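Here it is: the structure, laid out below.
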Amino acid sequence: MHINYWTELKRNKFGRIGLIMVSILVLVALAAPFLAPHNPWVYQGQPLTPPSEEYILGLNDIGQDILSELIYGTRTTLLVGVSVAVFSTLISLALALAAALGGRIVDRIILRLIDIMLILPVFLIAILVAIYFKPGVVTIIIMLTLLLWPPGARILRAQTLSLKERQHLTAASSFGAGKGYIVYRHLIPDLYPLLTVNLIQMVRRTVFMEAGLAFLGIFDPTQKSWGLMIHYASEFIFTGAWKWWLLPPGLLISYTIIGFALIGYALESSLDPRLRRNIHYVGH
Amino acid sequence: MLDINNLKVTFDTRMGEVNVLNQVSLKIAPGERVGIIGESGSGKTTLALSIMGLVQGQVQGSIKYRGEELLDKREEDWEKIRSKKISMVFQNTGEMLNPVYTLLDQVMEPYLKVNPGKKKEAFNRASNLLKKVGLREDHFYAYPFTLSGGEVQRGLIAMALINDPELLILDEPTSALDALTRAELIRLLDEIAQNKTILVISHDLSTVIKLTRRTAVLYAGSIMETGPTESLLREPKHPYSRALVRAYPTRTTVKDLQGIRGEFPSLVEPPSGCPFHPRCTQALEKCSQEKPCLVEAEEGALACHRGGIITLLRGENLVRRFPRQGKEGKEIYFNAVDGAGVTLKEGEILALVGESGSGKTTLAHILAGINQPTEGKVYFQDREIYSLKGREKKDLRRRLQILFQNPQEAVSHRMMVHDLVEEPLEIQGIGDKETRVQGVKEALGLVGLPGDSFFLHKYPHELSGGELQRVTIARALVMKPKVLIADEPSASLDASVQAKMLKLLMHLQNEQGFALFLITHDLALAGKVGDRVAVMFLGKIVEEGPTSEVFRFPLHPYTELLLDMAPSLEREVPSLRRTVKLKEEEGKGCPYYAHCPYSTELCSREEPPLKEKGFQRVACHRAAALEKKNNNNSYYKEIKKVL
Amino acid sequence: MKRRYLDYILALVVILSLNFFLPRLMPGDPLTAIYGDALLDMSPELQAQLAERYGLEGTLGEQFITYVTNLLRGDLGYSYYFGAPVTEVILEALPWTLLLVGSSLLISTFIGVLIGIESGWRHGGRLDSFLIVAVMFLNGIPSFFMGILLLLFLSFQLHLFPLSGAVTPFSGYTGMALVMDILRHLFLPCLALTLVQIPRNFLLMRNSMIGVIRTPYILTAQGKGLKERVIQYRHAARGALLPIITRLGMSIGLLFTGVLFIETVFAYPGTGYIFYLALGKHDFPMVQGTLFFITLFVLAANFLTDVISAKIDPRLREHAYQLLDRT
């Protein structure tokens, strides 16, 4: 079916809210230098200073401005989330296409690979690898990309294989279309909806993973990351500092995940014919 | 007896020189019955008049009668030939008899000319003849304007016979007569022809087939094909002959009529090369440059650069094996298509009939080049299609198109009408953006859809089932294919839309001149559309032949069953002539054995091969028995007696 | 199923290889990579002894064989932080983790499935809409943050539950009192883990239900004049439950990941907590050993559910996959 995703999203209440939530995040990330009142890497004053007019959320244990840390943390979260989502989706797509076009043996190998990867507890392996690689932003992007592609690949492969059997592809090849044409003009466009959903879900999962790793302290300590903030703050959990130091990054993580989840849910329900009661077509 | 050689007849008119006959050669042996068929304007009558020495215009070439050159004869010589040796019954156009003399007087006149004064003899002979042609005495003295068309025609025949000529030329002897009179006249002429040589000129094929044994097809002054009348009319070799036959309605025609595409050519400025090439579906460049000679072929002669209607698509011994889950998860194989062979000729409609599961769709996909057969070969114009590579393969895709069963699935729902129809052109890299848009609009126009921007920008789900099917037809036709394979194109549509769709397909087939391979489970429908019909059962072709033959005389019990079960509006519930019995040994014998009411022990042992039987081919040991049964059918006996 | 065995063997090989190669391929002294900071406190003799124990002098192949033989003997190395063999420490902590994971698995599956049935049966309805929103929010909270929130509000602010540990130290509780003490300590971690798990089960069950109620056999059941509840539970839910079983293995994997965080937050003395402690102290043998152990556990759980779902009638299994694939 031809659906305009943008319209679908805007029509869907959840989708609308999710879009607004995510847009705000993106704006904050882009405008971080202008929004942040202080340089979050610079010592501002007495560590663990409670909130004041100057430091709205106080200072952390090494005297950095917590609000500015939060604002810069948005950048890390989105950068990691979006990069991993894009790269892992690309891997998934490449494998799915290879499985569909490469013949039975290639497909079997790819399916096997996906199945094995799906059995493995991804997060535990991420921790294991991360311990040795002391990850910065780039390493964590590479690592999570390599670990997170399998679920997407499974769905995309199944979909690509079923698309391949569709008659309009047979029709195209009966007009003399080659594999390249079929991939670019039919398979990939037909996969767009699924790719979009996968991308959104991947951002959500990555944010989860990144926050978890940082919470365990497995992240470059010079980076500004919400998970890392919680990691440090949790050592001071029984002082009053948790109210302005621990809660805000936690809530922001939830905010981000929920924002993307809302978009994902809206997209999925517009894709699932069972859940789509009022189909809004465009093209008139 | 009569030997016409390179006869050329031209007329000078205000518009210029008109070429009515062009290098016409025809031999007629004593006692032979020859027919000449063709559209009006093809020069039939001029040919007859030339033989009679009555033609107005420049005549070149030669017409020899018993070795004598007729064209050298002077008027006084002719008087000794006409009526006495060669006589002609002119086409009755209304005033062939002089209104001021009685019929008898006019019939006697030629006799008296030859035998002056022998009035008594003349009277006896004339009244005998008039009685013989079925006129009563009160007609003898009637003035022509009081007679009916049939009575005048009889009179004309009597007049032509009065001097007992050797050669009788009948020009449209049955035109403008009602069916009963015509039947009577044909019987009369048939009787007369017993001891005469006759040349019948007619556009009425049913008259020609009954009166003649050999026929020549005349088109725009040229003979296109000659051959035994029956096989020429049942299986014409020349595209024009087939077009002529296709346009002619008979009682046994089941198929809808199709006219001949294009217009009859101007005789003032005749087309260069083969006169038929502008209307021909298989014309090559050569056809427009060089006139083909009449070349002797088996049983006749043919004037066609391409050697007659060519075979476009041919599948031989096709087998397609599929794995299937067997007992205990074992993989077993079954043959969806099991040794089927199909030939599709240029510009024809072949209907493939069979119940669901008989392998029709698989066969269609094999022939369309999208499902490689496990065994067997598919040839498109003598090139094996699955071994084609690169450019040639791409070219094949252009000329061979398939319409899928369900239009909903055959289109991408992401694409708009314009993109859908344009897609084949884009893939093939034909034309630039602008010419492609033009092509899309033309293709849509062909199938009766608007080409405006509003429609071009519609999505498939915004179209009705019929519209969408038309779009897929337009998409298939946009590359002007030579072959269109249509897999139950109307199965998903309701009856009223289905009728329109098939009419459209037939119309397009005729106008665009592609060959249509139509797959359907509905025999009634196949009969309406197909020139030929093939019946498929369990992956095999069990019977094949011209639609009219197969419908009248089904030779395979399965065809008979399908015919009985074909939709009808009769209230009676048809009795299913179908048995269920077990074969002694699975995998041997006739595949239809289990259901066959006529089967014998031989059928359970040996698989019948596909054998020629008249114009049909049938794979049945018991075909002879079925044929006999058909012949005994009282209904057909009745019909035969009337004719 | 044979193919599945192969998958597991290959997965195991992947994990073994990661565990083996990662420390050895790091630049610098492999012993440092294996032992981390603990090495600094060791005498050269001890270091040499350790190097020998790991066969670090030999080729990579020989090292691998040593590595695998050690594993087969249950030898995961020695933890300097805990002052005991890694296996011993893990086995001591394991019961707590199993208690936590087990209880939470039961509860979260039960609740998730139950509300999933209700939600899916009347999807688009008021309850469904509410649950979807609620679950969406719940799903947005990472497990560690969930733990922290519960800890801060219920224990720290309201003093309803103990702040940390699995039992009250030195209390000398026995019998019923001990059980109550354990349950009191278990409650919050279990709640946190359960809350984190519910969304997944809920969404799975809801989608599965939506798939089922579109099937004709529900129409047949309605045609029989059955009560709605009967149709909902006896006919629809039963079919819809199959996919949950086939996906149980994955749930267990996620649970073990979640428990790592929850135990850390609540200082609950299970494997996750000792992992966190060891991580903080750079006690690499302990870290690696724990991860390896949990990974094995998850693999085993996955394998078990695979075996179970293979026992389900293949036609039913096919049906289950179809239900999920439609989502």
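A, B and C label the chains in the order they appear, each numbered from 1.
Here is the rule we go by: a residue touches a chain if its C-beta (ideal position, glycine included) is under 8 Å from a C-beta of that chain, and two chains touch if they have at least 3 such contacts.
If you're wondering where the values come from, they're calculated on a predicted model, not measured in any experiment.
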Two chains sharing the most C-beta contacts: A-C
Chain located farthest away, centre of subunit B as origin (C-alpha): C
Approximate Å spacing (C-alpha centroids) for the pair subunit A, subunit C: 22
Centre-of-Cα separation between subunit C and subunit B, whole angstrom: 78
Between subunit A and subunit B, centroid-to-centroid distance (C-alpha), Å: 68
Residues of subunit A touching subunit C in the complex: 14, 112, 115-116, 118-121, 123-125, 127-129, 131-132, 158, 208, 211-212, 215-218, 230, 234, 237-238, 242, 246, 250, 253-255, 257-258, 261-262, 265, 272, 274-275, 277
Contacting residues of subunit B [partner subunit A, same complex]: 368-370, 393-394, 396-398, 400-402, 404, 406, 409-414, 416, 423-424, 427-428, 457-462, 472, 475, 479
Complex interface listing, subunit C residues touching subunit A: 3, 6-8, 10-11, 14-15, 18-19, 22-23, 26, 33, 123-124, 132, 136-137, 139-145, 148-149, 151-152, 156, 210-211, 214, 249-250, 253, 256-257, 260-261, 264-265, 276, 279-280, 284, 287-288, 291, 294-295, 298-299, 302, 325-327
Of subunit A, residues touching subunit B in the complex: 1-2, 166-168, 170-177, 181, 185-186, 189-190, 281, 283-284
